[in-house]
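Here subunit A shows up in two complexes: once beside subunit B, once beside subunit C.
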Partner chain A sequence: MAVTKVVMPKLSEQMESGKIIKWLKKEGDRIQSGDILAEVETDKADVEMEAFGGGVLRKILVPAGNKVTVGSLIGVIADESEDINSVVAQAGGGAPAAAAQGAAAPSAAKPAMADRPAAVPPQPKSEDLTARKPVPSKGPEAPASPRVAEVVAQQPAASMAPAQPSADGGRVKASPLARKIAAQSGVDLKLIHGSGPGGRIVRRDVEAAQSSPPAAAAAAPALRPVAQPSVSGPEFEDVPLTPMRSAIAKRMPLSKAPVPHFYVTSEVAMDRAWALREELNALEGQPKISVNDFIIRACALTLLHHPGVNASFQGESIRVFHRVHMGIAVALEEGLITPVLRDAHAKSLAQIAVDARDLAERARQRKLRTQELSGATFSISNLGMFDVRDFSAIINPPEGAIVAVGAVRKVPVVTEDGLGVGRRMALTISCDHRVMDGAMGARYLQDVKKLLEEPLRLLV
Partner chain B sequence: MAVMTYREALNLALREEMRRDPDVFVIGEEVGLYEGAYKVTQGLLKEFGPKRIVDTPIAESGFTGVGIGAAMVGLRPVVEMMTFNFALLALDQIVNSAAKLNYMSGGQFNVPIVIRGPGGPAHQLAAQHSQSMEVYFYHVPGLKVVRPSTPMDAKGLLKSAIRDDNPVIFIESETLYNIKGEVPEDPEFLVPLGEAIVRREGTDVTVIAYMGMMYRAMEAAEELAKDGISVEIVDPRTLQPMDKDTIIGSVRKTHRAVVVEAGAGFAGMGSEIAAEITEDAFDDLDAPVERVTGASAPMPYARNLERLKTPTKEKIMDAVRKVCYANGGR
Partner chain C sequence: MVGTGPGGYVSAIRAAQLGLTVATVEDDRPGGVCLNWGCIPTKALLRNAEIVHLFEKAETFGITVQGMQADYAAAVQRSRGVADRMAKGVEFLFRKNKITLFPGTGSLTSKNVVDVKGKDGVTTLEAGRAVILGTGSEPKSLPGVAIDEKLVISSNGAVRNEAKPKSIVIIGAGAVGVEFADVYRSYGVEVTLLEALPRIVPIEDEEVSTQLTRSLSRRGITIKTGVKVSAVKPGGAGVVIETDGGRFEAEQVLMAVGRGARTKGVGLEALGVTMERGFVKVSPTMETSVKGIYAIGDMAGAPLLAHKAMAEGVVAAEAIAGKNPRPVDYGNVPSCTYCRPQVASIGLTEAQAKEGGREVAIGKFPFTANGKAVALGETEGFVKVIADKKTGEILGVHILGAEATEMIHEFAVGRTLEATVDEIMHTIHAHPTLSEAALEATLAVLGQAIHI
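And now, the complex of A and B:
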């Protein structure tokens, strides 16, 4: 029987590393191809990882709670009689060396001796709960603000930002000697990448950091609070980035800075759409339809007539999509996520209602599949439920545009006879100026408005 | 200095001490007419006569008891165990009498006895005759335990053991009787009990090993030097009392430690030394202390299985590389 290497899968386009939430199989368990081996936390969702080979799960190299780069060997499936030493040895001591650093641990740089017993990273015996607490920057006796503590408590997957790869949620693994040298030389262990088993910082890592102090200094967050004698308690605390927040933080500047945004806003009379929605929702046995479902349908249909808006900047060319995969931004406690409603242009309003609700619910449970998290050609972000009049959204590259939806508000309107009350909603489209111009965005919005104001068109 | 075998060095130590002190005598199975199962007592019957070289029946508990009684009234017996595995039959005498009488008599009696003979794994001596017997004794307060690795130490330590006023367990090895080395001829040359020695100087890792394991560690160190790993080897020589200062001093220098022992690892000498290092040199450690020990199994008779059970040069090298976080180099 063959030996199957279990590696950290690349579960999304942007995924650089993943954290093993828990192993669903243990060493010695018999595995069939397709069995779910573990749950993995990516920057976007919790994903089940399946086995691609059968046999016995001989070795778990990366225990739950650890984060490893994509492609790292995390386990070995093989027949009981199979010699897996050489495979395991290749993992070296640096297998779980924390994410995003790229540099392989020196111990893994050379192929290990084939007959060498596995250098297995030590498994934490129990979860260190203190590791997840935010670190008060001043006055350890002062209680953490309950609000922040609560936020942190809701983020079981908290782990450090990529800039601090050796720190797993605040607890730094370092050899006693490394700690001593670091303390003597003023090196901050949080800023060092550990090359030992499990990312342990050992002497050579501290010495390397000592020899390149400017880099370490530059990386150090200048976050020392100014003393405020009259105020007791910590001035602030540093809450570790969740993988999702980390991904957002990394992605958004990639959009806002290089993508030249322009914005076009239009006001839509929603009176008829509102009435139609109430009529539809009064029908027995029909799925409840939200205002957002109307907007998805309207935006998707209109995109078919404005392919230039359903487009992506590709450097030397502009990719124009013939299908509409609609990204729907869903706000979560710890960030936001944009599941993709595929072929939205080909779906009825009822189907959109069902699919969108399912995506949003699973997004909140973080149970989305990876293919549901990528491939959008256009996005919608709706903050209407927060009674927002209007706002502008940041384009989610490589998409070319995004529509920001405000609340449907009752406002005074001028009618033929005088003054009346109408339902109005603001739509703001953010466009990539490299792909389209103001008039294109305006014309698109005009047609969306038309559809929403004559909503029966959405039903045919 | 003269070059002689380990066996000859022991013989010389006995001879010198018997000449120096008429109270010293040897007792055991086949020590006289047969001149010792491993010829350690060769020529002694001829020189010192049957009153001082006493052949006994096969009765370890009995002749050990005779030795203890003789020691209580002022003689200095050297009791030979044909192999130390047989000392199990005399365990009650050793543990409950020799080790305890000084304490239980309020200091009225001391027991200046040496119990010596070969122990530890050798070549295909099988399960009952290959045991690392030191573990049974160093746990007992009141006993000193010596494991000499070289001819020079065999002589110097045996003489110190004979001159010591308390019971000393002195365990040799079948595998070392024929090794040769320089031995001082000075009859006053002694190696004090409780002093370790640095067998090889190094900077990257301390390997603590004695007897046959020390020689394997030396071979491993030679190999590792080719990879740029500098191994320091410390031989404790006396296991009880243990020379912690030398071991800790070395670990403070190298920051990493590997302990090798032939016997099974559980609650063995490796565990003890690892604990001492963790207690006294924690902040100097760059890696957890690694143990290389025999497998937890009776010693098989088959040669290939015997090799599998026992720590090898390769296993020692692996452990060293592991604590150095290296496949080569520091």
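And now, the complex of A and C:
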């Protein structure tokens, strides 16, 4: 009965086609829902593609190295006894041929919906996806998620969140059309707030989520090394845009131009946080904690008390988030990417350290999963490692704010006794003026500063 | 509330339900054009037309009727009785909801003051919170052609006249023109239907126009499309109509070229209420450019439909009462024409759906293959469902056939709930019903229709 068609997922708003880098499973392998089937190259990143159904990988229709349009059938998962000929036939006879044609592939196949009822049990894919939650064997996040849900549930604010299902498989209220669009575009319904009656997720909510960018955040001042001036050779060369650079180039003006940014900078005394970090990192068996982890924790906790900053401009309304999904900008050779640390407000410092490191490492290896690339409610960009004093970042719409973090510097400070040496760090928040005002941003920053200057609060 | 047409009286009642004190102003009878001169009385006439038709085809059911007489005057009288009853119903609802009715013509003298000129002089009403305008619309004519309601009549005359003409030329083949063509033809009038656009019921899907043209022509209605009328003057059998497609004459001409907003004398200009192409410009909560003044119904723009006015009336009342009403979804207003066979549609036509290169899947199912329709002897028409190929979203539905106007709501509800073809498909439709054709047309979208 269960035949699961594996199609090229839409992993970002701009994505029209994807290239299969490598199949991690081969024909005949037993597959469980949630298993990583293949690695896919998109315009933004290399992403691991999960199975949405279980069975045996009966057929690989598009071999590694080929590029196909979003929605194209690339493989079939089914029980051994299942007849998959009809499904395979829809790929247009010869799959690689259809694949090579790219845009022609979906039109050559029958309309996806036409055969869906016959081929796939009518369970929405996205529900299936989330019901099982990502279960990466090494991912420390997965076992934590039920606990996260408990923590959230205990907070009165969270109970107001519309349509926020419990992590134990609560039903997501969504219209059938919203479910279909979400399934086709890889949007996770559990991460969307519904604007329909009773918090029901309707089409416009999914479309809004689709158009929220998967990554990209900070206005990174040029990261490329300065070219050696030379007297001979050509005067210039035109380097073609990499897919990522091209995506950033398209995305950023969409933020900077329409979003009225304002900036608030504050200086934080990091002496105690620095000392605490050294003490924590000296402990046996504890994960190494970075300054950035302190900042993530401080920013996330403070957002709970400043929901107006954890908010997004929605045209007719402001969406205030009750959970903090922290986007963490990670610089790469060829650009940057902003993986999302979900429920950062509910994670301990140690958990943040582990998760953030895992995300950053996998970002560099281009091994992020779809759901780790979207859904941030707030972002942090840290250029401290480049010995930057301070800078301002571009907001990553539809988020309402981003914090830019400078280096922790040793500077002369005035103490009661005279002049001393202190560790200082600049935080600059960029805020969407449509969502909040200067004083809101300033008060938020003041509380972040307070937490970092009394860092024991971050441990309790 | 200035005007008590379908928008106005619904708005007044909703406002009263929400605890507001409501005064209404009406220069005719409560219920407006819809109840008195439009929707309701014409449905009564069309029912007569249908009964005549049934008698005429009784033979095919093995029933012989002798000496059948269809008295047109009696049909109009019955229609008036129906309208009276409905208007009284509105008066009853006003009493029930403690809504005061001020007979007379209302006009704004300031943003919250309405002068009512009645038989006994002027009454001044001052609104504490807001004024809602719902003054409706009136029939338009062609340039240089005066409607005298004798030779050249509008729907207002047509619905009142107890004498039927021997022959009539109807200019305009929208809902009004087509419905009167049906009534007159059923009572033996020679009917010529002229339309400037290339097809009748031009806002409907092209296939509907084509098949309806065939149906009406078969019944002896002369249809000329793509003709521009250049002159209408007395002569010949009564009136002569010159067009670029020939000369027509008839005892009467019915002008059914559309309706225009009634906005004169309401006091809009002096208050600086912004207009847009002849209609009052309104916000999603039906507020005009002047705060505290709301406008609903025909005067607030297309589509000029009673049910759209009612929906707007509710939104305006709720907004004034401080609720946060869901704005009217103008993309999901059903359109219904009550000729035989009936026309009903919602959403996009095939041509509109394909604009912009969207890939659509279309399912069509004829009533000839529907058991109930065959049993009823009403096999004309079809159901056509237009869906998005990728998501199965129901983009538009077009029904031509008996009871089409009742059947369309399955899709209206579906679209409101954002159902896709899958949900319609998995909904068991009772057998035998005409609505099974809706199910089959939906299955046809997926290439899975059973009964064809």
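FYI, the second predicted complex is superposed on the first by the 243 of 460 C-alpha atoms of A that agree within 3 Å, B and C clash if a C-alpha of one lies under 4 Å from a C-alpha of the other, contacts with A are read in each partner's own complex, and residues count from 1 in each chain.
To be clear about the criterion, contacts are C-beta pairs under 8 Å (C-beta built on N, C-alpha and C of every residue); 3 or more make two chains touch, one makes a residue touch a chain.
Only a predicted model underlies this, so the values are computations on that prediction, with no experimental measurement involved.
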For A:203, select first, second, both or neither according to whether it touches subunit B, subunit C, the two together, or no partner.
both
Is A:195 in contact with subunit B, with subunit C, with both, or with neither (first, second, both, neither)?
first
Of the partners subunit B and subunit C, which touch A:178 in the superposed model: first, second, both, neither?
both
If we overlay the two complexes on their shared chain A, which of subunit B and subunit C does A:258 touch? Say first, second, both or neither.
neither
Looking at subunit A, does subunit C or subunit B touch more of its residues?
B
Using the superposition on A, tell me which residues of subunit A are in contact with subunit B and, in the other complex, with subunit C.
107, 111-113, 116-117, 122, 175-178, 180, 202-203
Considering the complex alone, what residue numbers of subunit A touch subunit B?
92-93, 106-107, 110-113, 115-117, 119, 122, 175-180, 195-197, 202-204
In the complex, subunit A residues that touch subunit C
71, 107, 111-114, 116-117, 122, 175-178, 180-181, 184, 202-203
Residue numbers of subunit C touching subunit A in their complex, please.
359, 361, 387, 389-393, 417-423, 425-426, 446-447
Could you list, by residue number, the parts of subunit B that touch subunit A in their complex?
255, 282-288, 314, 318, 321-322, 325-328, 330
